[in-house]
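Should a chain be cited, it is by its letter among A, B, C, D, E and F, assigned in written order, with residues numbered from 1 in that chain.
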Amino acid sequence: MKLLIVNPNTSSAMTEGIGRAAQAVAAPGTRIVATQPSFGPLSIEGHFDETIAAAGVAEQVRLHAGPDVVDAPSGIVIACFGDPGLDAAREAATAPVLGIAEAAFHAASFLATGFSVVTTMTRTCVIAEHLVQKYGFEHRCRGVHGTDIPVLALEDGGAGCVDAIEAAAREALARDRSGAIVLGCAGMAALCATLSARLGVPVIDGVAAAVKFAEALAALGLQTGKQGDYARPLPKVYTGWAAPLGW
Amino acid sequence: MKLLIVNPNTSSAMTEGIGRAAQAVAAPGTRIVATQPSFGPLSIEGHFDETIAAAGVAEQVRLHAGPDVVDAPSGIVIACFGDPGLDAAREAATAPVLGIAEAAFHAASFLATGFSVVTTMTRTCVIAEHLVQKYGFEHRCRGVHGTDIPVLALEDGGAGCVDAIEAAAREALARDRSGAIVLGCAGMAALCATLSARLGVPVIDGVAAAVKFAEALAALGLQTGKQGDYARPLPKVYTGWAAPLGW
Amino acid sequence: MKLLIVNPNTSSAMTEGIGRAAQAVAAPGTRIVATQPSFGPLSIEGHFDETIAAAGVAEQVRLHAGPDVVDAPSGIVIACFGDPGLDAAREAATAPVLGIAEAAFHAASFLATGFSVVTTMTRTCVIAEHLVQKYGFEHRCRGVHGTDIPVLALEDGGAGCVDAIEAAAREALARDRSGAIVLGCAGMAALCATLSARLGVPVIDGVAAAVKFAEALAALGLQTGKQGDYARPLPKVYTGWAAPLGW
Amino acid sequence: MKLLIVNPNTSSAMTEGIGRAAQAVAAPGTRIVATQPSFGPLSIEGHFDETIAAAGVAEQVRLHAGPDVVDAPSGIVIACFGDPGLDAAREAATAPVLGIAEAAFHAASFLATGFSVVTTMTRTCVIAEHLVQKYGFEHRCRGVHGTDIPVLALEDGGAGCVDAIEAAAREALARDRSGAIVLGCAGMAALCATLSARLGVPVIDGVAAAVKFAEALAALGLQTGKQGDYARPLPKVYTGWAAPLGW
Amino acid sequence: MKLLIVNPNTSSAMTEGIGRAAQAVAAPGTRIVATQPSFGPLSIEGHFDETIAAAGVAEQVRLHAGPDVVDAPSGIVIACFGDPGLDAAREAATAPVLGIAEAAFHAASFLATGFSVVTTMTRTCVIAEHLVQKYGFEHRCRGVHGTDIPVLALEDGGAGCVDAIEAAAREALARDRSGAIVLGCAGMAALCATLSARLGVPVIDGVAAAVKFAEALAALGLQTGKQGDYARPLPKVYTGWAAPLGW
Amino acid sequence: MKLLIVNPNTSSAMTEGIGRAAQAVAAPGTRIVATQPSFGPLSIEGHFDETIAAAGVAEQVRLHAGPDVVDAPSGIVIACFGDPGLDAAREAATAPVLGIAEAAFHAASFLATGFSVVTTMTRTCVIAEHLVQKYGFEHRCRGVHGTDIPVLALEDGGAGCVDAIEAAAREALARDRSGAIVLGCAGMAALCATLSARLGVPVIDGVAAAVKFAEALAALGLQTGKQGDYARPLPKVYTGWAAPLGW
């Protein structure tokens, strides 16, 4: 089975890191293909970054999983916690598409009556909160907490990052009366095991959760529903750099 | 990996059927153990049946996955669409526990912006609706529809059952503007492939979804959060038939 | 008029205490019959306890208020703050059935725009919160607060208990901007008058509220609606210890 | 015990009728005093009528249950389905105050998982819907249905009225999958028994429900919470016709 | 264009002040007519005050914008943060009617993902919270905060008032993670510019917002919808002081 | 005052049409500048189209209203009913930014207790429904109805289009019990007056509403809140075609 992992930002190092993290949790027969947009921000830390990145996700899914693609993936993961471009990707593909925020929220709901999110920049908390509202997790998600660690600092982030995230998680668990922690950034994947061991509660990395759930859906032969609003896009002319993305 | 499938009713035929359905979708290395309570109703078609069955689920999880059990399962599935005893099971076990209604709702949410549930007795629709509300799927679930097929009729239910469910599903898809169908009874598992082929939309059987999601969580080493309200039950004397269930 | 008070746990001392508390507030012509399940936990302090106790409530209502019972009660009260077995009891009986959490929430809503709940173990707060959500009191209930007093300690709980509950209530009133306190455990009934005097706000004991509301409904000749999901259970074989509960 | 029933409109015939209906369901020791504003509309069939009537309710509660009143009532009922002036009345009085819409919604919630409201003018449905939202009954109330019978036609309304309401109720029960009917106008009180007999489901008249719930709260010594927003109004000069209502 | 500004309380000084504030922000061609009820409280600081004031608003709109009025206004503003009498005014008038709380909430939603309200008496916070719930701003409004400055103290309130409100606003912005402040009292209009300059975030005065939005709607020729529940009131006799308000 | 109107699709004819419609309702001193992205779909009829178009909106706002722009606009309108790129535009600009769906919903809420949306393709209804949920209009918006008129057919759409939309609006008003109609596509602006005259209820065109509300906010000196999540984007490298959009 082939899974496409789309890193919505344009940091090649992060694309590779996410690809490795995905392969590490994938089943023996699963082949991970990690990709990134041909344009856009090096990291995603706000609405503007995310809007450009969402178009980048749409581009990549169009190119790797559109109707005319040979050897299309059996599942697709969008590896940024804002789930940019999720609806567009589902419209463009037939394989199931999962966002990592979504996957993490679902996983946490199976393990605790309430969970807390620990993320990077405080200014992005509202993005996670909007997803919580949109997806229906308002009773499960008891808090979204920023640590103000820049996304790119996570890459070489040693003990300092882990300690800061651990501290934020401990405070969140106590204040929110939560039973699980969701890591609010794809770049935190590598810290998941350490944090889980330190905190003694389930710590959920959305990349891992999305990969396993995508495998699960694909194994059951389930695909994106093509009746209704996720139907194939209508035939349409696109202009400018987006011309090749037309339908 | 061992998965425990608890059929909350006391129909051995249904327990076996659910076990077979679970094994059919399980990964090569997964061993399914199907069980049923030592007491309770032959089928679950209302609140009273379900309340007794929930105690039966608690009994079975206590016996097969309690703290003193050797070779405890890596994941547990409660195979009745009302998810009876789900919170009790999570408190009693450390392995992740999934209800099939819950798993089906989550799976459908990955595949369509809106889904409809087709279930058995109309009088049980409110049970599904309460779960939809409790779990936060009120925007995703656009309708719960009864067919008034008795649960036990599904076992030997030939073409008549399939046709009736297909008709209800078609009406639901149109009226609810839905993109996927959730089957509202563990006894419908065998009909899933046929219905999916006929309807042309994703049709989700909760047993299959729960088995795959349980495998996914277990593969990641995720367990039920033991901090907070899913902590191990407090030491306590139980009396009467329930004496062996004390903590 | 006869009212059946079901204590869902198996502490005879608590059953007697609740019965006395109920009789103390009942109208002159009301006769209280207090009962408890033939099995189950001595106290209810978590999901597992509650799931077994719910089956005990179903058993008692079946035996004391089922269709073949002579001199069935005119109203039924479930005297544990999690309202275990409420839907099952309503299905089994024709008399109105009230849970004490439900009754207390309703009473508080008549007296204040916002109320706070003070309960026993913190780990049970989520049970009350789920009821708040299910019943629709999310705007009225401004907080649920644990005191970590074990349920059985309330029985012989002298000044220490009252002081601890008073302190928690004072903090809740201030922090939640609430105008009334709901006592989150049937075992707190005896403390209601003292707390009310000390706090200067309405303090609501669910047992008392449920008894009076049950009398009110019964006096109007109102009964549980037998059309729809509270209709009499369908004929069904039950097995094991539950065999006598079949329909 | 004395209960004050405030008819918010200025139809003396309706005030007397409501008073009789209230006395008919009151306990032996309860004395009903029915009153109406000194000004305002003859019936309430829209927002403007209701806003003037709410001031009339405030006037009557101020005069009959204000702080300087001798022999103040032990409970107060506002007998119009829009619950006009409810918050003002609670601020002015110390006795518990109940609106009949509120009381009926609470009563119905004890008897069915879902209920429907049948009311008079279709244009007033939104008033009931706003109350449903404000009080938190959005999951319980499955529909509000107008019959376009004018309020005053109910007084001499013979078989025609009953038949029209019965028909609307039957359609509501089926379409809403409801288990109980709430009568959406104080003027329908006299039809409650007939409708209940014909429909075979609980039919709730808010006047009766409010009287019994007020008796229940009063018997427990419960009063409106005077801490927070229902505290006694601040000292204040009122001018014009309202001068005597100042504090 | 003529705009009618109704000050719901009976303080002539405040009516004049609000009129001046409205004129100051009005377009060159807009003529402001400020009025106040012929009766009622000098200021509005609770439910009782507000209920009487709502009738006063209804009176003024009936007299200045009813069906038989020559030179009726093109837009109407209700200048008290509880929006008293809003639905009645819309029923009575054809011009668009805006409450200042409503207008401020809408304006803030255009400028920030979350806003906080800073108001006068803490006991009135619940009035604003009810409006937030009724209007659907529960995700946007992150907190309502009282300063316990009496409404009438705002009139001659010098630096002390501004400082107290600024302090409350700063705390609200930090605690609620908000991006804008809504002033919760018409009497705060004069402080808006100062607070905006000091706080560095948008500070919204509802009077100004309502005036500009009313101008906007009127310029588009939009009027209150007269189909449905805002239709002209039904013909009806009113009695007592309200006799001239009948329809 | 200069207002920037961004047409998110790349149809120049539609950009001109929207610009004319905006200028037609603008105040005398307002200058409308209409623009469109340098890339993307000719019309927006699904999630994929919209995601690419959102990036186009971000591009245009960055270029016309970014921090280094001389003569930046005083207000910005996004003229597609899905409000694509709204949060990104608010982050990029300091002037207030309004989406036309948002503006139309707000306008309708001032004029009726409930409104219905009539839009183009049925498959886009879910986009409007998600906005309704995100913005908090779930109680006001009583239905979203597709006509399956393609967006580009509206341009030369004569009587046929108007008749189809009128028919859909009439059915919506009756079925939803609504008092106003919101036109769910910028391309319907030219039909607004005709439909309003025919239907006899307020018909709201989002372009007009957004222009007037933007003028209103700008006249008050209100700007997007730059504290919190709408703060200026963090400095960041963008790559590919998006390189000039970096911060």
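Note that in this section a contact is a pair of C-beta atoms (placed from the backbone, for glycine too) under 8 Å apart; a residue touches a chain by one contact, two chains touch by 3 or more.
In UniProt terms the chains read A, B, C, D, E, F = Hydantoin racemase.
On a predicted model such as this, the values are computed, not experimentally measured, just so you know.
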item	value
Chain labels contacting chain A (Hydantoin racemase) and also chain E (Hydantoin racemase)	C, F
Maximum centroid distance from chain A (Hydantoin racemase), chain identifier (CA atoms)	D
Chain pair among B-D, D-E or A-E whose interface repeats that of A-F, sharing over half of the contact pairs by residue number	D-E
Centroid comparison with chain B (Hydantoin racemase) (C-alpha atoms), farthest chain	E
CA centroid of chain B (Hydantoin racemase) to CA centroid of chain E (Hydantoin racemase), Å	52
Gap in Å, rounded to a whole number, between the CA centres of chain B (Hydantoin racemase) and chain A (Hydantoin racemase)	27
CA centroid of chain C (Hydantoin racemase) to CA centroid of chain E (Hydantoin racemase), Å	44
Multi-partner residues of chain A (Hydantoin racemase) (each touching 2 or more other chains)	87, 113-114, 125-126, 130, 133-134, 139, 177, 228-230
In contact (per the touch rule at the top): chain pairs	A-B, A-C, A-E, A-F, B-C, B-D, B-F, C-D, C-E, D-E, D-F, E-F
Of all residues in chain E (Hydantoin racemase), those that touch chain D (Hydantoin racemase) in their complex	10, 37-43, 45-52, 54-55, 57-58, 62, 85, 87-88, 90-92, 121, 123-127, 130, 133-134, 150, 228-231, 233-234, 236-243, 245-247
Touching residues (chain side chain B (Hydantoin racemase), partner chain F (Hydantoin racemase)) in the complex	113-114, 139, 177
Residues of chain D (Hydantoin racemase) touching chain F (Hydantoin racemase) in the complex	122, 125-126, 130, 133
Chain A (Hydantoin racemase) residues within the chain B (Hydantoin racemase) interface of the complex	25, 27, 87, 96-98, 102, 106-107, 109-114, 134-140, 173, 177-180, 200-202, 204, 208-209, 212-213, 215-217, 219-220, 222-230
